[in-house]
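Next come the structures, one after another.
Heads up, the next two complexes both have subunit A, just with different partners, subunit B and then subunit C.
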Partner chain A sequence: MTVTPKFSPEAVSNTLKTFIQRLLLSEFFIFYLCVALFVALTPFIPVIASPYNLSNLFSNTWPLFAVAIGQTFVLIIAGIDLSQGAIISFTSVIGASLIATKVDPAVFGQSPIWGKLLFEDGAILAHTPLGVPIALLTMILVGLLIGFLNGAIIAYARIPAFMVTLVTQMFFASLAIYFVKSENIINLPKSFTSIGADSGLLSIPLVMTVVLAVVAHFVLSRTVFGRWLYSIGTNLRAAVVSGVPERKVIILTYMFSGFCAAFASIIYSSRMEMGRPTLGAPFLLDIVGGAVIGGSSLAGGKGKVIWTFFGVLFLALLGNALSLLNVPFFWIEIVKGSVILAAALIDVTRTRILQYHV
Partner chain B sequence: MKPLVRIFSVLLVFAFLMAACTPATQPADSGKKQYTICFAFQDLETEFWMAGHKAITETLKARGYKVVEVNSQEDANKQLEQVKNCIAQKVDGIIVIPVDGSIALKLIAEANKAGIPIGIFNRPPQSDEGNALTVVANNEKIAEATVEYMAQEAKKLGRKVKPLIMVGDLGDPNAVGRKQGFYNVINKYPDLFETPVEVATKWNADVARDGLQAAMTANPDIDFIFTSSDFLYPTIQGVLEPLGKWKKIGEEGHVIMGGLDGDKTACSLMQPGNAYVDATGVQDLYFEAQTLLDAIVKAIEAGEKQPDAWLDDPGFALTQGNMATKEMDMWGCKLFHGK
Partner chain C sequence: MDDFILQFFGINKSFFGVKVLKNVNIEIRRGHVVGLIGENGAGKSTLMNILGGVVPFDSGKLLLDGQEYAPRNPAEAAQAGIAFIHQELNLFNNLSIAENFFISGFPKWGKTPLIDRKRIRLAAQEFLAQVDLNISPDMTVEKLSPGERQLVEVAKALSQDARIIIFDEPTTSLTARETERLFGIIERLKSAGKTIIYISHILRDVLRLADEIVVLRDGEVVKTGPKRAFNIQTMISSMVGRYLGTLYPERTSRPTDEMALEVRHLSKAGIVHDITFSLYKGEILGVFGLMGSGRSELAHILFGLDTHDSGEILVEGNPRNHRTPRKSIQQNMAFVTENRREEGLLMTATVAENMGLVALPRYATPLGGVLRQSLLAESIRNTVSSLRVKVNDAFQNQAKGLSGGNQQKVVLGKWLMNNPSILIVDEPTRGVDVGAKYEIYSIINEIAAKGAAVLFISSEIEELIGVCDRILVMGVGEILGQFSRAEFNRERILQTAFREGGK
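Right, the complex of A and B next:
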């Protein structure tokens, strides 16, 4: 019998191979990639690890993560919600048009909500003590309602989610612009803007988003509703045969997606200190990209809140790193696209390896 | 092992890409501190912004400043993030072409908090909160001078004219000033002008085309057009030409036309023998760039953290009446003639 010495080249090679294999096949792979990227870049751009930059990095991560949680739920049931950006914009306008403390008639005089919600001395709830809580609640309710509309049409009319949410995206994005004639509503009260204000690493958006994530994780992993989501996404027919109330689940899922978008809108609007009718327009690719890079499948049946966090963190870190590296602006999107493609390729390959091992 | 090899290949490419992005080592300087300026701009979608971008970056580099350029592609949230990234890098000064006047306020607040001088180029903040060096054209006066010339041309027709204004994004104070300048003249001559038609453009050519088409259909008697930005001339031509209303000055049915910016297209449309445009208001782009750079450089070198000043560009109106003497004062004509 031959014994391989503990530190023989062969043993070291085997250990290394096992270690790399475990690393690559781990569900924390994207997180490891984030850590690797961060560690690799720190010597070149030490500022990346500065408290100010980390605060900036995470202030971008939290709202994107919040909205991507909703998208993850939708992806798990093999759907997609293209209306999330429009919900962010629409709820941003609705919230701000309830609480702005001062409104310029020269800018908003032609708006259809002038004289109804907006007045020269402020919005309708501007100087009332419960104005901000009511505005927050309204934003959330509007998000839920749009989600309900999406879910009900998808579940009952059997129109593909892509088509339904594309239409609601167009409708509510345009409605947001129409309401304020494409102007931004500024002069929001301090009690609202302080929600998204920079207060270092431990901020209100962090607390809000972590609570949302924990609840969402619990729902997905510990409740019957969570199991219904995976079963619908994996095989709808089998789920129905098994007694899953698929219409109810689809509607609730899109409502949750709308809720998450409105939740993110609160953070974005307060952070930028304004209601913007185009606020959510640029986010859609990052939302879906974050969820998919994290490991959620566009084909449904696969996804976790923690994976989505890793995906969103990876995207935010990449954008931050490229900016700090002072990469010429026309190269940034090329590099970002290439890296996302690389991450997606790695994920596909990992999935295949995992299937092979199972 | 094949999949593992693929993963490693991809990781290798990834590492290579990131390594390629790391900044090159700066050559040791001659002992004098090299200042770094962050230049955050909204996008380069019109000739005006392209020329402004070129003037600012080239002047800064020529003065030995290191320039960090970031393009927000008209995304206000991204612009905020980019300016904060610049602050994290502890740049010595920030120059911004803001996405709009509202986000400018937030950017100024961030720069003030960090104690970094900030300059706002051409698109002023929506209110005077915060401290910034703001260079901006006197849009109201320039628009007024331009429309005044157009009004004098209209008087020669000996009848009332039907005016149309293509209004910019009213969240941008530049658009508000231009609209005000237009109305100052319209209200001055109540016997000359019928009630004006307003077309909202949101600084977007597609929105402008749709609005102008609808307005021309509803009011075919429109014979006086003022565009709040010169970049819309191709859009106007696209709408007027099929209607048989794209006529040179002096031709029957010529629509009296004017705009504001002073770009290359406006210059080409004012050339003798091929003139469609009667007058255009000129923002003195090179003056604005130079003035802002001088002010911010002075503030940085003096160690000022929050300089605050409003730097006015008086501008002027280039008209068919003063083309011979003023043409080469317009930045768009300099570009048109290759200077």
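Right, the complex of A and C next:
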């Protein structure tokens, strides 16, 4: 047996190869990438590490992460939920139209909900003590309901999720606009807007989202329901034969996805201090992209909450860095798109490596 | 002088070290119909796949028209004039008949990439006429009946100028009239000088059509000769005439007289008809049936994967007619499906994830379904070791990396973890090597010894005789006969399945 010298080119290239393979296969690959990106960019744009920027970066990340958790669940069962953005918009309008303290008749007089929910001296639940909690609950309920609609159609009519959620996306996004005639509902009560108000790094959205993430992680990894999700995504037929109540699980998954969207809508709406009918429209790419960059597979059966966090963080960091570099908006979108493509490529490479090495 | 079109000399073929063809010598005369018979796994398909260029042979010599012939792929075989009409037809259902004919090379308008539609239509019409099909070549294949599709396949073979046409179980999905029509066409092809190889389990048909008959058993030609040297009896006995050694573990327990499952007059239109039987605790009840006999469909209905039109299913004496897999599992039923890959396993999940899947609720808190993970892991470890599943790390390795036998043990294990009292197994040893077969039989034996009732569905008569207490014979969706252990007789069971020689 010959001893290979420690620093022979061969040994180095082998070590490098193993290192790259390990890196690619690591659960934390995207996290390392985030750190690397951050470290690499700091000398060029030192402002990226400023407390103000970090606080802004994370307050953008939390609600996005919350929606992406729901998307992760859906991706695990080999589905997709394109309606999340519309749920964000629709619930934002619904919530605000219950609690706005003052409504301008010149703006909303033509709205179909004028005189029903909206009145000149405030919305129907404005100035009532339980107004805000009821509004929050309603937003969540509406999210759950739209999710139920998605899930039930997918599970019982067996129409592909892509189709069903695309349609509900169009429907509820348009309904949100119709309800308020494209106008933002402003004048929301303080108790609502304070939820998402900037309060440094340790904010209410952070606490809310972390709790949601921990619960979601627990459900995925420690419960029967979680196992059922993965089994449905891996092989639906085998799961059915093994007694998995697939319809129930599919419906609950889309309900959870709707819940997460409404949850994020609360944070977004309170931060922006308005009910905005196009609130969720720009997020779809970031939601699905974040989950996929993290490692969830569009083919189903794969995905973790922590992976999705890394994916969402990476996209947010990238967007933040590019806008600090004064890169125009459309270039940011092009770069994000390329990164998502690269993530899909990495996923394929991972699968290939695993095939040869396990 | 003999005019041989095709000659096999000493052909050998192994798959993964298992010899599936041993020194096969067959000579086929031009313009004859040769019947090829043998049990499942006798090597018929492998032999024909060699001829069709699907798999290469290991050693030996194959002569076509006296020239050496070793097709490297199906296209070469087609070029050489060999057409293979498969059991599952290979037509594109969404394309028209004419398009199917020319799928491997469309005639073009000169040098343009545009298809010359008129030419393919005219050509297709001509070949359809040769098989008496009076339908438009523009019709899509999905609109045709199974019999018409079969004839379209034949016409396609003719359009490709085939000289040797292989039929593999062509009549399984045909009605009696369609079968007659096909036979008429085969006679006509023969008189037009085509050579036919006809493979079928329906011995009467083989006897009627063939000039010569070749019997394969365990990869060897055991008998060959002109039709007059055979009758149904000699065909069956040469197909199955094998001494059973210790391929099967001894039955150590006896069935009880407590009923576990009772089926009364179960029917589903076009699938099963008037099925009545009882299954007792501790019993292994075999169901023998060939492909298309309704055996697997019956199992799907019993487990709730499919519905039935009429009749009753009783589990431990209670009517349980509205079934779903979930309800069946709650009634302690288990179902090892015929199809491991599609219905049995989560191939890309780990062995442990597969093993735990059915019994998960047993290892969870009643409220919220939180898993007791160490308990579950312990139980999975025990099952893996008691079933002797060969896997490095059940919690890391994917199911798809295991051998067929070990995969099947994982499927069995996932059901055993739920302590079933009724176990349905459908072809549990398909694609499993001999050693693992013995282990699987032993596992099933033990389950029965513990008092569970086992319904053992198989198309391998010998394994049923080896492991069962009683055998039901199914055909065309009905139960055609019943044999108790004392009456087990290979030939009589086969006769019943083929409906030969009385009831």
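Operating definition for what follows: the second predicted complex is superposed on the first by the 329 of 358 C-alpha atoms of A that agree within 3 Å, B and C clash if a C-alpha of one lies under 4 Å from a C-alpha of the other, contacts with A are read in each partner's own complex, and residues count from 1 in each chain.
Please note the rule applied: a contact is a pair of C-beta atoms (placed from the backbone, for glycine too) under 8 Å apart; a residue touches a chain by one contact, two chains touch by 3 or more.
Everything numeric in this text was worked out from a predicted model, so none of it was measured.
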Contacts of A:230 with subunit B and subunit C, given as first, second, both or neither: second
Partner chain in contact with A:238 - subunit B first, subunit C second, else both or neither: second
Subunit B versus subunit C as contact partner of A:20, first or second or both or neither: first
Partner chain in contact with A:247 - subunit B first, subunit C second, else both or neither: neither
Larger contact residue set on subunit A - subunit B or subunit C: B
Touching partner for A:336 - first (subunit B), second (subunit C), both, neither: neither
Which superposed partner A:183 touches (first subunit B, second subunit C, both, neither): first
Partner chain in contact with A:217 - subunit B first, subunit C second, else both or neither: neither
First, second, both or neither for A:268, with subunit B first and subunit C second: first
Touched partner set for A:346, first subunit B, second subunit C, both or neither: first
Overlapping contact positions on subunit A, where the subunit C interface meets the subunit B interface: none
Touching residues on subunit A, where the partner in the complex is subunit B: 20-21, 24, 37, 40-41, 44-45, 47, 50, 52-53, 56, 60, 106-107, 181-184, 186, 268, 271-274, 276, 278-279, 282, 319-331, 335, 338-339, 342, 345-346, 349-350, 352-353, 356
Footprint of subunit C on subunit A - complex, ascending: 222-225, 227-228, 230-231, 234-235, 237-245, 301, 358
Complex contacts: residues of subunit B adjacent to subunit A: 3-4, 6-7, 10-11, 13-15, 17-18, 21-23, 68-71, 73, 75-78, 80-82, 84-85, 87-90, 100, 102-103, 105-106, 126-127, 169-171, 176, 200, 202
Of all residues in subunit C, those that touch subunit A in their complex: 303, 305, 325-326, 328-330, 335, 337, 342-349, 353, 356-358, 360-361, 364, 368-371, 373, 396-398, 401, 414
